[in-house]
Amino acid sequence: MSKPLRVAMIGYGFMGRAHSNAYKRLNDFFALEHRPVLQVACARNAEKAETFADTWGYSRVETDWRKVVEADDVDLIDICTPNDTHQEIAIAAAKAGKMIVCEKPLARTTAEAEPMVKAVEAAGVPNMVWFNYRRVPAISLAKQLMDEGRIGRVFHFRANFLQDWTISPDVPQGGAALWRLDVQAAGSGVTGDLLAHNIDTAMWLNGAITRVVARTETFVKERKHQLTGKKEPVGIDDACLFIAEFANGSLGLFESTRYARGHKALKTFEINGAEGSLAFNLEEMEYLDYFEYAQDSHVRGWRRIHVTNGEHPYMDRYWVPGLVVGYEHTFLNAIADFVKGLETGKSVQPDFRNALQTQKVCDAVLESARAGQWVATAVEL
Amino acid sequence: MSKPLRVAMIGYGFMGRAHSNAYKRLNDFFALEHRPVLQVACARNAEKAETFADTWGYSRVETDWRKVVEADDVDLIDICTPNDTHQEIAIAAAKAGKMIVCEKPLARTTAEAEPMVKAVEAAGVPNMVWFNYRRVPAISLAKQLMDEGRIGRVFHFRANFLQDWTISPDVPQGGAALWRLDVQAAGSGVTGDLLAHNIDTAMWLNGAITRVVARTETFVKERKHQLTGKKEPVGIDDACLFIAEFANGSLGLFESTRYARGHKALKTFEINGAEGSLAFNLEEMEYLDYFEYAQDSHVRGWRRIHVTNGEHPYMDRYWVPGLVVGYEHTFLNAIADFVKGLETGKSVQPDFRNALQTQKVCDAVLESARAGQWVATAVEL
Amino acid sequence: MSKPLRVAMIGYGFMGRAHSNAYKRLNDFFALEHRPVLQVACARNAEKAETFADTWGYSRVETDWRKVVEADDVDLIDICTPNDTHQEIAIAAAKAGKMIVCEKPLARTTAEAEPMVKAVEAAGVPNMVWFNYRRVPAISLAKQLMDEGRIGRVFHFRANFLQDWTISPDVPQGGAALWRLDVQAAGSGVTGDLLAHNIDTAMWLNGAITRVVARTETFVKERKHQLTGKKEPVGIDDACLFIAEFANGSLGLFESTRYARGHKALKTFEINGAEGSLAFNLEEMEYLDYFEYAQDSHVRGWRRIHVTNGEHPYMDRYWVPGLVVGYEHTFLNAIADFVKGLETGKSVQPDFRNALQTQKVCDAVLESARAGQWVATAVEL
Amino acid sequence: MSKPLRVAMIGYGFMGRAHSNAYKRLNDFFALEHRPVLQVACARNAEKAETFADTWGYSRVETDWRKVVEADDVDLIDICTPNDTHQEIAIAAAKAGKMIVCEKPLARTTAEAEPMVKAVEAAGVPNMVWFNYRRVPAISLAKQLMDEGRIGRVFHFRANFLQDWTISPDVPQGGAALWRLDVQAAGSGVTGDLLAHNIDTAMWLNGAITRVVARTETFVKERKHQLTGKKEPVGIDDACLFIAEFANGSLGLFESTRYARGHKALKTFEINGAEGSLAFNLEEMEYLDYFEYAQDSHVRGWRRIHVTNGEHPYMDRYWVPGLVVGYEHTFLNAIADFVKGLETGKSVQPDFRNALQTQKVCDAVLESARAGQWVATAVEL
């Protein structure tokens, strides 16, 4: 007996596609009672909503998200709009008793995010933030190896997220595909867009970040704004680097930029502990690198685990050993976990409250960069 | 205006899954008139057919493939059954005027394959063999670079396909999941299963193979047979190595085995020409390695092309630069090309005739191994 | 006509060996007028001096460095003793009119180093500091590619120096082989020992560092001291991380530790510019990785330059293309450049004055870590 | 008390340099009684002999090797001349009671090599062939891991030696630096020059090769001969590929060429056994790759052993963990083992008799290529 899970998608961009794909494929790979139904595609522009709905097979379209969150034929609201709209939609959806899955970052600021957490908790609705990289099988395996105690006392965590797509000053800011460069819509630049992912991974694996010192930079100071048609100051951070203290006494080093020529999506991390180390790189996401100290000394070495076997997280759902799955499967794995959570009554992570902690670190990072000094986070983990 | 393309899937194993997934996702990613409809799932075992149809969403099931090939509600027959059944199904389907897409290898032998070619050509039905690896974006890019003349006169082609899943003598042969170890069902071992892929890639990139000398080995001589329950001689080749001459004067070296500890699906190739070289490895399929001689001598080097940008084959259909797609997309790309072929009237490759040439090389390889001497192929390209 | 270059080696440890090897091999590989002569080996312990002299072939031994710097049969003083002795020896050697090559770091602090610079400049004696990694052929090639303008405007520089040899709290501090853990002898921990190398490379490639914010950590707070036999507080930094601003507007990120399990000598750097990027890793020092934007977009990729050909820096002196040289050749290349400097009258870099700039950055880093705030360097380049 | 080991070097080319370097450095790194003394440099051309002797420090020169082998002031004859001269020199040296270390291959053919073996055995003189790659620390470690039983029953051995320096038809043949392209001087092309190394490694690690089938090719049919000044047919094999049977039932695959664009000295091997696999690549010779099956299944992976620690073969003699040694150290390690053999009375391997076995495989390979059929070797191991 299958249960429909009627999805309303708000937004139709890159993430709208990635999530839609995940819903459509869920039951092909995961044995679950719930079957997502693509019910409503919502966008302010009716034509774009229609095209999107047509491509992915949504049953109907809306141009007003307020109608969507209150619609009777919808169970789940998926928020894929720019960051400046997350709060209003999420709070309304919570009040309407809908389940909510929200793109990351949760909001532009902690102040904006806190009422969202209160709203979902007050309403008691299932909620999740799409920090999809936790569901890269190799990263899930890293978490498993940490939980198995294979790394020991942690000394260091370092992580990058390097891209190169905004080096040209001719790239404009604002508007449909480029709202990530518009500080009003995005809240911040690489900090909220990219480092948020790294912070989420870091705190999942290594616990709370308590204090940071950061430096941001905007290399291109003015860009044409697509909404005004004029050159306007760039308000986002093009690059952000910070040093972090973790609650467990280890040190963190983080860097993100869109000015690292030769890197498209180089999300990396490395963690060094007394008993071993782990390293990951999103551009070759099928691997987890692992150094185990407890080996005969003459055969110690970094091993590349090809994370494609049935014993690896999620991989029993897909093909056969040695065959690679990709980026999109992280969303599929995430929604599978969310639905499993519905069916087992066990809340999936990261939920809004957990994602709020990442927001707090982002805020502290940006505050530190502005103030030029160390800033304590208010993370509660 | 979309046209339905009603698919009947014969077989429900690993390839049945991979193909079904491709049909279901085709229109999410490719702008095509035809929309695959999962019409019939066929398997001798009714229960398995039902389960498979239920998981993937086929409209109905059949247990007799003869009914399927003649059904009025079917446009396309997809043959995913063991190799010993390809011929009979394909010829019947061709006679019934159905389009046919057949898993590789086309048949167990050239003798078995030739009537299949005649049948589809006599019937004039669109046909394709699923040598899906041509549609790995990195391999398609290799073909493009060859066609651009970047490699120059070719001297060497070498290719491996290494696995390790049959090292244990406790792995049985025969039956549902293990027909690949049963010579009656499979025709051969690694030669037809794995080297056929390498030969297809090789001749696509480097032209006809004209002569071979081979050595095969069966390391585990007896295995329990799942159909009889008794230990029986193993008839397949566990490993196969051969030296090849290409029509263009270059030399080939091929090796496949299921006894290479540490490799799950290490399909590789490297091609060396006067002006450059190319190398590929399926376990990190997002990369193509390229050495270009026409660079300043102090900066010459092997470059790793991360084949994930919009300018790379097929990649404009998926996500954004830097994000990896995987194994399953090769099938999606293949069926997209097949459907484009229908819409443009341009026959997709490899069709049955082309796949027959690969079969001829496989036959020559096995004959050489038996005879212990060089054997000429009868390839016509 | 060859000229003897009579060397006095003060110190007999790891660096004493590395330098002695370089002197002995110089004329086998480089065509130079000067021929180093291993004249005096000096160590406080007569027996150790004898053993060292015997192994490497020094003509005589001394136990008092003061006699050595004033000896008539010595042209060049090589200072390989712990950091706390550099100043006194160097100033005395300069006053005695001797050429001086001093191990890095130049001294424990800028305050200690400045009189050394004044002394060698007042005396007008040739001088060099052994930042040998500039002479890794791959790093010299990086400098050449920078000078050729291949990288364009620089945005980012990041560098690590990761080791793992002091994780065990049972490693003692102080005494012969372990003075690097004794703050009195070493001045600092990884900052002076390891980051000094990275800072030297960074400023050579990317210009002056003007401002830093740093965090240091001492993970093991007490270690047995070999001189006292008692547990004593550890005064050095076990790890040091810092963010840097360069004068050219780019951002730097540096990390060093002896607690990164799985890394022995992972000195790395990566530099990202508008036109390209470069990356290096000492553990595979035969490679330089280079990303060149000015390539056809479908074949862009990171290339691994195997820096072993005759057109690469220093490599025409050694074997044939493809064959690797190692760590010790960096010293050989360095002394070759020093001697060439003598013969051409062109001062070799880094000399004492240049090395003083690296010292200033180290001091600023340590001051920042102590004060918990950004600190300006006083670098003059 | 040190004993002089007076060396006469016959030949002054690339190998003459590599060996001279090894003798000169031996006692700096290895604690041995014998101290090599560079006594005589011999070359037909007096001027070249003088230059060579001057660079490396040989005491005197000779132009007639016959005088050298009979000289009273010489203990050891090092044969670094082209292959066609090995036999005559070696037999004369043996008769004169000299120790002999001979460059590989031992001779041009088995027929030529056999009397050499008889001569040294009749004379009872210490002898070695410079298959230096056994002394790459990573390859020695591979041997150690094999001896520890870590690989189990072997199924496959594959090895390449790829270069690209003769692709241009303008490269001449014959004369000083290019005798390797002249069949008269060299005996064969890549088979004797490169594959001999791979065969030596293979039989050391995996036992006797018993049967082969091979294919050779000469891509450039005519080259200017430096001795005649005229275009003459090329008699050597530019490329050689062969399939091998080992006595232990495993299969071998070998390839060598000088037409593999992008590879300078890509000597590789990989060995696959039931319990593990090993892989090596000379261009990154500091690594040995190892796959160990006996690990928890979710953390199995190929590990890269950075063969630079004190517990690795030969590495306690050099620097500190993490620091790379290079090509030239293989000769140093080899001569150290030879001298240890003198001091312990234990004959070093490979001696002439052992190298004869490699010669037999080379002969069988070339015979197979000529005859176009399988050929049995006469290896006795």
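Chains: A, B, C and D, in written order; residue numbering restarts at 1 for each.
Just so it is clear, a contact is a pair of C-beta atoms (placed from the backbone, for glycine too) under 8 Å apart; a residue touches a chain by one contact, two chains touch by 3 or more.
Source: prediction; values computed, not measured.
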- Greatest Cα-centroid separation from subunit D: which chain? A
- Message: If I rank B-C and B-D by number of C-beta contact pairs, which comes first?
- Response: B-D
- Report, in whole Å, the distance between the mean C-alpha point of subunit B and the mean C-alpha point of subunit C. 55
- Item | subunit A and subunit B: spacing of chain centres that average the CA atoms, whole Å | 36
- Mean-CA-position distance for subunit D and subunit B (Å): 42
- Which residues belonging to subunit A are in contact with no fewer than two other chains? 263, 300, 302, 306, 309
- What residues on subunit C touch subunit A, complex-wise? 155-156, 158, 162, 164, 167, 213-215, 217, 219, 239, 241-243, 245, 249, 251, 253, 255, 257, 259-263, 272-277, 291, 293, 300, 302, 372-374
- For subunit D, which residues are in contact with subunit A within the complex? 141, 144-145, 150, 290, 292, 297-306, 309, 311-312
- Provide the residue numbers of subunit D that touch subunit C in the complex, in ascending order. 14, 18, 20-21, 24-25, 27-28, 55-56, 163, 165, 263-266, 282-287, 306, 308-309, 318-329
